[in-house]
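Order as written gives the chain letters A, B and C; numbering starts at 1 within each chain.
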Amino acid sequence: MYKKTHIFRVMPGQELLTEIMKYCRQNGITSGIIIGIIGSVTSARLNYLKELPGKYVSENYEGPLEIVAAQGSIALKGSELIIHIHIQLSTQTACFGGHLAEATIFSTAEVVIGELSTQISRYADSYTGLNELLQ
Amino acid sequence: MYKKTHIFRVMPGQELLTEIMKYCRQNGITSGIIIGIIGSVTSARLNYLKELPGKYVSENYEGPLEIVAAQGSIALKGSELIIHIHIQLSTQTACFGGHLAEATIFSTAEVVIGELSTQISRYADSYTGLNELLQ
Amino acid sequence: MYKKTHIFRVMPGQELLTEIMKYCRQNGITSGIIIGIIGSVTSARLNYLKELPGKYVSENYEGPLEIVAAQGSIALKGSELIIHIHIQLSTQTACFGGHLAEATIFSTAEVVIGELSTQISRYADSYTGLNELLQ
């Protein structure tokens, strides 16, 4: 069950992940689900996992691009707040989706977070080389 | 928190946005989250924001196309009900995602709405030229 | 309203649909919403509806591919548990989305399910040739 549903806007020129992190800190959210994000970005950097453990490549995209959808979670690894989001972007001619590293807002991002009443946590998984969800 | 979770089907030949609007009116929903939509369409029109303020281009797609995912919200701008949805469509050979302007259902659309207990609102933002989420 | 929000991880090498089915059986979930899935897969098979009634084509994809997003539901058709998921996958160079038939996990899949307090059901629809949502 969600303790609370949060809906907020990220403004033109702001960096999406930074603003979500800031919102979580200001509102004391340490555990939650990213239910959705829609809007548009001027640029973005997405990561793609290629090899285990933890070998990523990064791609930069120049927009404007629509934010079609995003999903993920907010969790703690010890006392560190970890926001893990995958995002789908698009133009008229192409689609890109991957692990959100960075994105600068064009017109808006409408972020919906379901704050959880139970704490979800992450730990360093040596097999994947990533911070994985603790069961 | 959701006041109620609504799950309903849009039928073959029906227009997706029209039916969601109709469902909201019939069920008195003025504030909510589009949690998800999956199904398929025979055709669709998506919008892509290119310049601010508010300069869109529209693209028409002929299907059948899968509805892979959709996210968005239901809000009021004064007394006007505004449904804002971004949607991801696909065939075997291509993906398209953007702002949903119109879509005709092929087999089904399974729509999930989380009705909110608080009212979310929009206003005309002169910078973006769009109806943006009021904080 | 969700009775309970479930968040769990599917492990490297496991098949995604099988594990979601297993989780639902072990936790007595017969009605729910797939709120989201993110992670990565080594391979996947997706279905695309081409003609009614019920004519699909299948495509196989070799990864690693990111799981960008997924949506769907858990319902009963009589006593049969039916899990219906559409999923968006991606690499640096391409995106694929469709009806999830099978997917083998690469690093992780983080699955979020909203268990419903009301039962949703499916029936065999002769027009579409598919198990559709009962209104």
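Rule of thumb we're sticking to: a contact is a pair of C-beta atoms (placed from the backbone, for glycine too) under 8 Å apart; a residue touches a chain by one contact, two chains touch by 3 or more.
All of these numbers come straight from a predicted model, not from anything done at the bench.
For the pair chain A and chain C, the fraction of shared interface numbers is less than half, so the two copies use mostly different residues to meet. One rotation lays the C-alpha atoms of chain B on chain C, and its angle is 120 degrees to the nearest 5. Chain C has its Cα centroid 21 Å from the Cα centroid of chain A. In chain B, the residues touching two or more other chains are 1-2, 35, 69-70, 88, 95. Against chain A, in their complex, chain C makes its touches with residues 1-5, 7-9, 12, 35-38, 40, 64, 66-70, 88-92, 95, 106-108, 110, 112.
Every residue of chain B that touches chain A in the complex is listed here, in rising order: 1-2, 33-35, 48-52, 57, 59, 69-73, 84-88, 95-99, 114, 116, 120, 127-128, 130, 132-133, 135.
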